[in-house]
Amino acid sequence: MPLVRISLKRGDPARRRAVADGVHRALVETVGVPPDDRFQVITSHDEDLVYDPNYLGIRRSDDVVLIQIFLSTGRTVDQKKALYRSIADRLAADPGLRPEDVFVNLVETTRADWSFGNGIAQYADAPPPHLVAAPAA
Amino acid sequence: MPLVRISLKRGDPARRRAVADGVHRALVETVGVPPDDRFQVITSHDEDLVYDPNYLGIRRSDDVVLIQIFLSTGRTVDQKKALYRSIADRLAADPGLRPEDVFVNLVETTRADWSFGNGIAQYADAPPPHLVAAPAA
Amino acid sequence: MPLVRISLKRGDPARRRAVADGVHRALVETVGVPPDDRFQVITSHDEDLVYDPNYLGIRRSDDVVLIQIFLSTGRTVDQKKALYRSIADRLAADPGLRPEDVFVNLVETTRADWSFGNGIAQYADAPPPHLVAAPAA
């Protein structure tokens, strides 16, 4: 279900892929997203990605990554905190981002707001398991 | 009012235009969007559009289109279902997409969250007709 | 906190920068965003930015700018109106946009929906000053 938008400065594809992989794994591990529920759009920018280099005393660099995740409501604040922690840790491990450079914003929607194909609102009538219990995997 | 973001793999402009046209017509027909209330941003991607080829058992291909629609609250679940059905049907007719390749996500906002120009919140004080009754057209 | 997405027709970088600057200053002045809380993604488009040239009787041109602002809840309708007014006025002053060409959409989130770096939800436990009082600056 999550639709993820990742915006970063222009760089090599391997780095972008590592970022996308890390964000997805963090979603799977901390907020119960199924491993195969992955939909991401990555965009690269030059001067058209603007960030403050010190907001809240956090020292950001041109390696900054802006990650926006659209997902259904139902996650607790503690789950969201675990998600941020996990994304920063994973991106530190690969591709080696400084935690200061990892910016995340969540946008919540209802379950009826998703169609995964075939013109059907798959989640509208039956809540998916990962929104009512821990994931089986 | 809707602001529509359409993300797809790189392809020819005619195909992109057909997708954008179909999404807009579906919004007009199923959830009462005025025909001239059209604002869309389309982006084309190569490896930077990531999708799972089988989530929920739906077989997606590189023709996949991720459609995200920002709109005001007020639509029922049944209207949303009709919207998904209509988008899939229209894109199957033109440009010939498989329904499996049509992914839709809605994000709802309040009426005060829109300014259509001139620095005014046109919907803040008076609900537009299409949010309180069937469209005249 | 705001994450701002600005979409416009392809043009020169100075114009894009002026638009981004004006939007940010309007946020600081009207809804209490701290001056250094600035995160923006700008994208340029050719035929892939679609707009209606007359919706609600507002005459738009190819100079149209679609501005989408993700921010925390807590602003009043009056603050939102002041924001739209300020954005239109500032972009009229520089880079000289017609107010008809300034389209704005807000998308609200909760305070727990943001991590500004270091894997921490900085706003989750303590509301930032600008969401509970006028900014100090």
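Here are a few things to note about the model shown:
Note that the chains are named A, B and C in the order they appear, and that numbering of residues resets to 1 at the start of each chain.
Note that in this section contacts are C-beta pairs under 8 Å (C-beta built on N, C-alpha and C of every residue); 3 or more make two chains touch, one makes a residue touch a chain.
All values reported here derive from a predicted model rather than from experimental measurement.
A rotation of 120° superposes the C-alpha trace of chain A on that of chain B, rounded to the nearest 5. Both chain B and chain C derive from one sequence, and where they touch, under half of the residue numbers involved are common to the two copies.
Put simply, the C-alpha centre of chain B and that of chain C have 22 angstrom between them. Of all residues in chain B, those that touch two or more other chains are 43, 107. Residues 7, 43, 45, 47-52, 54-56, 58, 60, 66, 68, 77, 80-81, 84-89, 99-108 of chain C touch chain B in their complex. Only residues 3, 13, 16-17, 20, 34, 36-44, 70, 107, 109-110, 112-122, 124 of chain B touch chain C when the two sit together in their complex.
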